[in-house]
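In the two complexes below, chain A is the common chain; its partner is chain B in one and chain C in the other.
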Partner chain A sequence: MGETILEMQHIAKAFSGVYALKDAQLTLQKGRVMALVGENGAGKSTLMRILTGIYDHDGGTILYKGQPVHFKNAMQARDAGIAIIHQEFNLFPNLTVAENIFLGDKSVQSHGLVDWQAMNRRAQELVDSIGGTFSVEEKVQELSVQNQQVVEIVKALAANAEVLIMDEPTSALPESEVQHLFRTIRGLKARGVAIVYVSHRLNEIFEICDDITVLRDGVTAFLSEVGATTQQEVVAQMIGKEVTVLYPKQDAEIGGVVFEARHLSDGDTVKDLSFCVHKGEILGLYGLVGSGATECPEALFGLVRGAHGTFLMDGREISLHSPAQAVANRIAYVPPDRHRQGIIRQLSIRFNLTLAVVRRLCTRSVIRRKDEQATVDDYIRKLRVKCAGDSQKVTFLSGGNQQKVVIAKWLATNPALLILNDPTRGVDVGAKAEIYSLISELACAGMAIVITSSEISEILGMSDRILVLNEGVVSREFLRGQADQKSLLSAALMRPDETQGGV
Partner chain B sequence: MKQHKSRLSRIFSAREMPIIVFTLLVYGAFSVMAPNFNTFNNVSVIAQQITINGIVALGMTIVIMIGGMDLSVGSLLSLCGVFAGMMDNAGLPVALTVLLTLVIGTALGALNGLLIVKLHIPDIIVTLATMNIFRGVAVMVTRSQWITDFSDAFLHIGSSKGGLFSIPILLYVAVAVVFAVCLRWLPFGRLLYAVGGNREAAVLMGLNVPSVKIRVYAVNGFLLGLAGLLFASMFGSIQAATAATSLQFQTMGSALIGGANIFGGAGSVLGTVFGTILLGMIKNGLVQIHASEYWLDFITGAVILLALLVNLIQLRKKGRC
Partner chain C sequence: MVQQSSSHAKMLCVLKSRYTLLIGIIALEFLLFGFLAPYFLTLGNILNILRQISEIGMISIPLTFLLLSGHMDLSVGSIVGVCGITCGMLLRAGQPVVLAILAGIAAGAVVGFINGVIVGKLKIQAVVVTIGTQVMFRGLCYIMTSGRAVSGYPLSFYVLGGGDILGLPISVLVLGLCYVGAWFVLERTYFGRYILAIGNNQNTTRYSGIRVDRVKILLFTFCGIMTAVASIFLISRLSSAEATLGSGYELDIITAALIGGIDINGGSGKLQGTFLGILIIGILRNGLNLMGLSVIYQSIILGVLLLVAVAKRKG
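Here is the complex of A and B:
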């Protein structure tokens, strides 16, 4: 056992009368990684924000190196050696990567002025060290979501922290990139850094963490060494019941072609993609970063300027130059970056949920309140959105619950083609199972569905058919049951010209 | 060699490049149309004419950069100018007049910031109110009379003696250089970009955003004090009700033409300076080519639109919007 560096005891916190934390406990040891898990809304992020001085706590004590502490803001915590990677990105899009990493850091200043050369050099070293392949002189707004995640991680590393909190650091990273992070974490462990690792991906937790703390409804419900427990037990402790089937995929009757794309290209990553989706079919797209797997859905939904190709919906040619055209052709799209594309944070759950269907809920331009309410209630229940009520602003929901609102918003449109671009990012295991079973039901009812995911198991578990993408073209096709983790990954790594004749 | 090339290409891909090129083109066009436009004499006249707007536009740039907006600049300038004139009339030594005017400007600027931060009222509303209040106070204390008959020492501040090296031009250049250096190399300068780029992230980082805001408005007020002094001294007289009445729009125009983002997070000293030069040149040039007075506003507006379009093309090319 290492030396205890931080203890949080009996932490309580309420937001305008509603408890987020009741009696939370967390003990960190030098050189060990503590997993912090729990359902969406269990209070994980809140606990971490209290630790770093962003929120004040109503009760309980924090001991850091044996002394009671009470940080007033994140800067103070950082100066004391506690750094945090927030669940939601907190980057300055208009500044360069290097500036984001070192903003306000005295170590890159000389005589009170910013030393750009030193700053760029050190930032580039850090980015390189965890496998980033971009220049630190680029502006953050020009980076992909994955690379932005890398910047968030590097930002925390730059603080030379003794306690490092990672609140879902990998939710925007595909599994193939996670190993870079793990290598970094192992390096930090060896240097004696204590790490908190918040994640909904139990595989990762069992790979990288030493201890585990389970939060349930704001109370620390379970403590163990990772080696002494199992995934099943952890899930059961998280949600109070066992989840046996993670991917409740039913066999749907697969009908004729609903949607077809021919020679889709976005002028960049996606080169020449042709595929079709059938009635009742769930089509999985899988590929590494830059393969076009996440870019293809964006192009389909009309989000990419200059994308072109021929598209057929029910045999009729349609054009998809803008989201409005896509929606008019009954295509729905759940985006991976909820903050930029998915929700209007300052508005209520109800408003966000019905935003895409508001016209259907109107009679002569007046919203039928009753129908609106029914729709909203229905989805909040179906997806188990944890909230204080449907008038709560989305910005006050936990990360996973915000994602549920985005999914519900598009499910409500009852589309012919549903495109899910990494839909369960940051959603807990139990809710994931619910969402999958809902998606599966929709497929059974005849909806055509395209899904991408950063998790291989999600693709394997849900798809009737999988297209593996590589360098912007389809490199291989698998039918359900034909592929496993390994064959999928190796197909994704292979160059397209090596796989001639595959299936 | 490679280093050299990349530096050159960096210069040409700079944000400010389109507006600089555009300004030069307009300059060329006027030179062809008006024989007296491209003369040393006229250039120093233009330079003299733009100093006040130029200084105020720099303040406007940092206000816009943090996502703010100041409608009260003209009124505050008028108030400072009037106070300066009255203090001079009262026989105060000129150094003291200058000092007090700057203090008043800074204090009232900070007041704008304080109201915005403490009352949580949007910038545009607070400054809409203070725009009327500052102007009202200026009119009240002067009873709407012209303030004039300044001392020689006072008049010396704004005199055009020295051509391109006159005091107003030197002051403008000094302010611009200080701003450019601060925004690029001073940690506080970088914070302004941060606050405007993502306020929430700035708060989460532990930055004291309200204090940043107050300080920015104070600096803006300081510049308005300076501009008020120059105004009274340059023209030799000032009337509270009529001085600098559309200054907020002119300076906003300069800043936006120069690449400032109305939603915050972007702005550049070089860009704003060229934005000011462009607008000043057009005004001067139109007079030189004897354009009808009726055309002045229209052409100015059209050029602003054109300049913004030129900026947009550059951003599009980089795929930013």
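Here is the complex of A and C:
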């Protein structure tokens, strides 16, 4: 252990004159997990693409097992033992696990035909060896996401990978399955595999990684053993300046009830949920996958057919059967899946930003272009959206700025209730901090806000009040400062009838 | 709406190259037929071409809207039949011209609405739905006419298809007005935004509080109405309505739109492109007719043109 297997030194790469990497360094050792972190655009993916042979580098050297190497394509890198597992899995859902693992592998063939028995046996051995508990004769589409990830890992092992790159490996996993992945990673370490762990999630990095490399603007800005640094320091190194408060939650004046939901049910996950949100209050909803925490906002916004309940806005009863009705009742919803639900990436910032409000900017159906421009300028400035101009296509913005456009779209509708469903997913640290302070400002200005998140710390850091959901009902309520990660998680894991329950 | 400043130059460049190509094709057609076909380059024939394209031109507007929103209407040819025959039968029965026209338009609105409700509310793919209604509406045409041509209209009705104002055919003037109006709707109204939004990302559009199904129903109903208007000009010009009235129109129009650069997957393209596409097809058909080339050969040439234009888009 501890033997250096790969060294990337002074790697530089430019795309049509713009540097993506200037002086990047990465050293991997057998049996150790290296975290690779950096803001979006820092050069992480470019560096990984160079390592896996997809891009050619312009400068610097790569030493692999002591020899200088220069991979010309992805095939060469893979044959040399460097494998990558992408966020989106690269599996054939309608083939079996074993078929996926040995696809195109000549070693399981005899006389040009596949030796099914040998293939299944070897596949099962590999799956068992890293603690998989499923049969390799199952079709991949029948496996859970976490087991599909195991298949990806086994695929890499079958190809004798000695360096394994995992790109945001937990982003697709429910929180409860993260530990399962970590066990697998520890197993890989014991085999001497060197792992690159690319992630935004610092908590996980501090739990599973041995070393950390921070990339900033194409340069390796910071190198350390994980045990010798802190999350604060890593964040500071990522954005290049010291951040004192990651969650800049200010105390807002909390007023009367703005919105109330009684007996909300979506006919599936959400069973019987009653709660209210006050003026100026940030209400956090927390729960594990399947608890209803992420489903509840969908139902409130009229997205779930068959959802029912009684809803009051400013004391007046309203119905919420469609997003259009929700918007008409001054409810705004920032959805979790930005690309499918939040933005239209092929269209301009202006188009996206005014989509929900454009009808109100019309006289006799004709858009008042001056008013539209004023709205767009206003929100680009207020939210500090970094862009080349409002006609720039949203696809060219960073994740954080795309998310700002989505939030701006909703603020333009002047909502009374803002629902944020995992608002910082896939957003880099710098933009995260900006989004948090924006949310806090909005609450101070009297908006009622509901927030859900896949990160416990976000809920803890931002909420005035937290409702913990379990099996579709509220299992516990915490006020700000009453809860910590442990109490929140244990409340989320406990069955509702074991706690005092209720609102 | 997507253009300005930085991306403006790039967009212009792309548009330029496509429009240059389209106008180049039109110029080439003029050159070729000018030499090969007698009478092609006469004022009378040019007006004739415009009159011939005016009907498919009118239908190409709502069809472009539908294509931009990621949808398709393959039933427009049959809708031409249903509406034209409805109007023609009322005329033959001696009903007032205005009433007959309104009835034809109402028939278009109804069948368009039916398409729209099936697509919007039952959420079945537009291509599938309109293949079904295409066959259905065509069947209706045969039942209505019992296979015999409907003709014998009052003289005043022929003004629509044959009359001029200041030397320009009425149908051509109407087409021009429709195009200007449609351009305005697409570029300057919220409804134009909704069309593009749905064509690019229907899900996000719904998540933005827009009633996507209503927009779809409206688009299909509008398509029925415009198709009905076109059918009335058509029977006035042909002075009869047969059961096969308008059959095959949908393919000419969709071909024109694709040649004009409308993305078959929705979300991008310009109305101007469709218009140029319509011109190209109209001139081609007219010129080949004058040369005495059979319709069968015409379709081969059209097909080649389409493939070249779409290949150009990819390139």
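In this section, the second predicted complex is superposed on the first by the 314 of 503 C-alpha atoms of A that agree within 3 Å, B and C clash if a C-alpha of one lies under 4 Å from a C-alpha of the other, contacts with A are read in each partner's own complex, and residues count from 1 in each chain.
Operating definition for what follows: a contact is a pair of C-beta atoms (placed from the backbone, for glycine too) under 8 Å apart; a residue touches a chain by one contact, two chains touch by 3 or more.
Remember, predicted model here, so these are calculated numbers, not experimental data.
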Touch test for A:359: chain B only (first), chain C only (second), both, or neither? second
Just to be sure I read the superposition right, which of the two partners does A:141 touch: chain B = first, chain C = second, or both, or neither? first
Of the two partners chain B and chain C, which one touches more residues belonging to chain A? C
So, does A:322 touch the first partner chain B, the second partner chain C, both, or neither? second
On the A-aligned overlay, A:367 touches which partner chain: chain B = first, chain C = second, or both, or neither? second
Between chain B (first) and chain C (second), which does A:92 come into contact with in this model arrangement: first, second, both, or neither? first
Name the contact category of A:391: first (chain B only), second (chain C only), both, or neither. second
Figure out whether A:112 sits in contact with chain B (first) or chain C (second), or with both, or with neither. first
State whether A:12 touches chain B only (first), chain C only (second), both chains, or neither. neither
Those residues of chain A which chain B touches in one complex and chain C touches in the other: none
Touching residues (chain side chain B, partner chain A) in the complex: 184-187, 190-191, 193-194, 196-198, 200-202, 204-207, 261, 265-266, 318-320
Touch list for chain A against partner chain C, complex: 301, 303, 322-324, 326-328, 333, 335, 340-348, 350-351, 354-356, 358-359, 361-362, 365-367, 369, 388-393, 409, 413
In the complex, go through chain C and note every residue touching chain A. 1-8, 188-191, 193, 196-197, 200-201, 203-211, 267-268
Please give the residue numbers of chain A that touch chain B in the complex, ascending. 53-54, 72-78, 86, 89-95, 99, 103-104, 109, 112-114, 116, 141-142
